[in-house]
């Protein structure tokens, strides 16, 4: 009980410190912008540790963060191999294929208005097919290895990227298109010099949303059949073996990988669409 | 009435007929018990539910239970309604597989989630690596159904006599297209569906009494089910909420299950226990359990229940 | 030959709620080298007329020729430069890149592109800003860049649709002066849409006053002002007289409608 | 009326004009949508032939027909397309009516959908309406909780800089956690405090739906520009007055956009929540049970039922949005 | 007592890239009932000065009183109505609802709210439009509604920041006339920011010419024009003379900067 009380005190202290940081004079510096969420996360983790120990929650229900940390460090090689299987082979390849396919279809849909008007509503409907239902089907079609995981990822990321790209390609001002007409520009010239650059902020929006979807999709697919390798495989098998510390270590790895993936795309976005009002320094 | 929550290992099906029958036929009521049957599923680990206090008693396979015990979750077998093992490997005959010695280089589907221990023990006894090396087996984490075999993504898959094997046949495959390896026949059988509780609960006489009544009523249910397989199957069907189970399938399953429960009155046979433990200990470099378990089972409850 | 020649030009838009008669019976001839301003209340069809000349809108009646061709042919022959109300520079291109855009599309050789970009930047007094991005410039500088973009490929005809509408009066004054100087130097033909009476009078050799519903020409005023126009010509009696006539024309058009 | 607002958008649009516009919009999408659907269904039928070829040829072989290659183990290495080309007759004849097809034909799925919705009493355990309702109730409960939580969090984030700086990054990280991995744990933890049935599913459903709502609401509550905020300052308005009279109404369009994403996410959450406990009730259980018994037709019909349910939910929200925003004058 | 009184008013913004000296040494007195226009190039601090008067911005030096109070007290005493450049009506409220907004916030009783909404609507000639939404009105009508909103609670001081900046010249002319009439009828004190020389001259009893970097007052012109001002007073010699002086003041300020 002491530990629980201590956890609550710690929470209050962490929050108070954050309040001071966030409203203090240094609030706008990069350090504060990192420190505040980091401190918040740290308090949460320490509270988790204290409460789990204080209430004597069984380790097979919820392990304390320290145990998760040990599992993460101790089984680093296993986690790394799982990461390569699920993220690099499954998620990343599916992400690339899905994105390229979405771009191609988006350009077609942009070219042929009929296709656009027909495809988008149907696409929205297809996007609503729950992934947990399509995953077993795709595993059945594409086999147990990473190919089926990539297929699930393709299906998951295709529609968000398609919808965003189509919206982006349509987002040019009438004036900008007229300008190209006054130059007697061809369709391709307009596409390359106006529409694609103008669509980039939208495209990146789709790409960003899809980063987390890709990883989640690959992991979900592994629940429905996999080789004896992969983050999803490890999570489900470890639950069965009551190795909850390993389960959480994989979840942490997934969250780290997902956040890093998101971060990388966000950085590229900032580089490529530096001109967009939301990115101008 | 005393409340009892029973966590099953898998979804509602004839594999658990005894409990549904006991509930349906009022055997639990007779023992003044109010039993809640919690169906399992692909991602529910019964020991976890037990540890969390979500259930009083669970159905599990002994390998998984012993492994959990070694991991520090003190669970104890209080009754063993299943005498024989229904687990087997089913292979296409045209792959040329005739015995375990042909497994090297093959792709074999295995259930995980605590169901992989019997297979891994068997293979390590055979000395066949399961690491996808050239002279080893490529293991697939088999999903929920027999598709990997039908689609020929695997040369062999795990099946239960009472369930998946029937599904393979239902899919139009004839028995002579297949080769099967029952664990029972290979001498590596491990004990399947038994009833387990948390060790510390057994210190409470009221709990012991409750479990005694529960086991008694459950075994009555099982024996009833063995004698009336068709009715038992219908009772199971009534309790299936998905509406996905079919009568034919459940009746057949009940028939096969009856063969597995036939030799048991509910008491654990120490010889079976020894065999299971020896199989699991014999796992070579990576045994399922590393030390002889202590106090992993008790006959107190069955002794009290069955007299 | 007239640069622009309209004969009973008519344009009706079909819209969801019935037709909009945007231009009616437009008769107009514009000779080479003229500076023609179009003025009139909102919705009277100034933009529509300019777009017809540019071949961006198809008239529904009458004839319109640009350099003796149809507007569409003229557009494909890159006969004119068009400056829109807002600068409308592409934010992902530098100022230089924006001016290079039409040259890229028209396939000028690399060296020529370089030369022209430098030249037009100098012409609008923006040298040194080539590598800057549009949002790093003030509104007035952006508008100058957009004029440079229209000048880069050196068409003889310049169509400008309220290019200074969004700028403040002082900046506008200066750009007006510069535009006049540019016009004097290059001898291009200018079609210039504006809402501002002083601006129209200050710049033009000819002022076309329009009135709405349907869009018609209600007056065409040939300016007697000399080609040399210091800014304070706007306080002269002649200037005020023309401005007065324009205002009267506008008022009459409004009341008739 | 001296200054008739003729220049205002839509000033002259009467009822008939609106109806005409609407009609044009309908015919402008309905035909392309139908065309695309027809094309997809055609492709689907076509795809059934190679996908189901192994089974078709096997069935033909069992029926005594001459097939090539002659044995199943040889056929295993032949692709579906090649197999269909080598055995065109059985591949075509038997592709669309199998019991356990790899890819069921559209009419099989449609028939199953029809049969298990309209063809059964809604109280039947085989009725998709019954299972849909189970899933729907968890979805709605989770959606309500998730939306409420999301809005509260957004209000906090907009009004407190600390919350903005500390909570927002973690809200993003929370979305990178594979829900299917923690769903069973949530269920077990809730079991241990004696909660089962609808609540665990609703919790997962809420977890998935709160995020879009937070993001949308934060954007929406911050959408009033400096001028609109300054206006209220000139009136000396209080924080609460600013919230109720400006921030909240201004955020509604954003809220509805997120609600549409959120409700679809809620549905997925409810289905995910139904998977771990396996065959209990609901569309997720149907999916799983279908999968367990290799009943592809049943999987596909449950899948479509879920998508249709999602489409209906989104349509309902759009409807509410249209009525409300139109009444508020935010939609023209 | 002066309505507004500024003594060596100074305001410096701290920004990411150094301080911006927006107002420097402003000395100004405004008597009750005056109509004061502020004119100057973009960025010279017109808006900033108005915001200081409104208590929306805190000066960094000097003193400023509004009705003898600090601006912040005046704001809380609801001493003024503020009209922004864009109408900025809330799109989810009808015209009536928008005008009611300040009354709700200030807690007027229900009957009083009704009365005042009807009254101010009539004042700006918008009766009959109470139930319409803003987007159903033309830009000019929206701007009138936003003036009505600022008038509704009947403050004696009206601050207007380029209220007609976005409108076209003809609509603007009419609104100028109406504004003058309103001012004459109510006798309120007006502070009016504009970019347009004719507008400033036409409306004001006093014109404050400002120059940028740092924002200073470069000229204060008391207008000799009569209170009665028909639109074509703008062609009168007196008018042109004042306009000339304003333009010279602007030019001088620009060159000095």
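Each chain carries a letter (A, B, C, D and E) given by its place in the written order, and its residues are counted from 1.
Convention: a contact is a pair of C-beta atoms (placed from the backbone, for glycine too) under 8 Å apart; a residue touches a chain by one contact, two chains touch by 3 or more.
Just so it is clear, the structure is predicted and the values come from calculations on it, not from any experiment.
Least step count on the touch graph, subunit A to subunit B: 1. The highest number of C-beta contact pairs joins the chains A-D. Separation between the centroids of subunit A and subunit C, computed from CA atoms only, is 49 Å. Centre to centre, using the average C-alpha position, subunit C and subunit E are separated by 33 Å.
Averaging Cα coordinates per chain places subunit A and subunit D 19 Å apart. With centres defined as mean CA coordinates, subunit D is found 51 Å away from subunit C. The multi-chain contact residues of subunit B, meaning those touching 2 or more other chains, are 42-43, 45, 48, 52, 143-144, 147, 151. Counting partner chains per residue, subunit D has residues 7, 10, 102, 180, 184, 188-189, 192, 275, 291 touching two or more of them. Chain contacts: subunit E has no residue touching two or more partner chains. Partner subunit A is touched in their complex by these residues of subunit D: 28-29, 31-37, 40, 51, 102-103, 161-162, 164-170, 172-173, 175-182, 184-185, 188-189, 192, 264, 267-268, 271-272, 275, 284, 287, 291, 296, 299-300, 302-304, 306-307, 310-311, 314. Subunit E contributes residues 51, 54, 56, 75-76, 78, 80-82, 84, 86, 88, 90-94, 101-102, 104-106, 125, 128, 133-141 to its touches with subunit D in the complex.
Contact residues of subunit B toward subunit A in the complex are 42-43, 45, 47-48, 51-52, 64, 67-68, 71-73, 112-116, 130, 132, 138-144, 147-148, 151, 153. Residues of subunit B touching subunit D in their complex: 10-12, 38-45, 48-49, 52-55, 92, 94-95, 143-147, 150-152, 167, 171-172, 177, 240-245, 249. Within the complex, the subunit D residues that touch subunit E are 1-3, 5-11, 227-228, 230-237, 241, 245-246, 249-250, 252, 328-330, 332.
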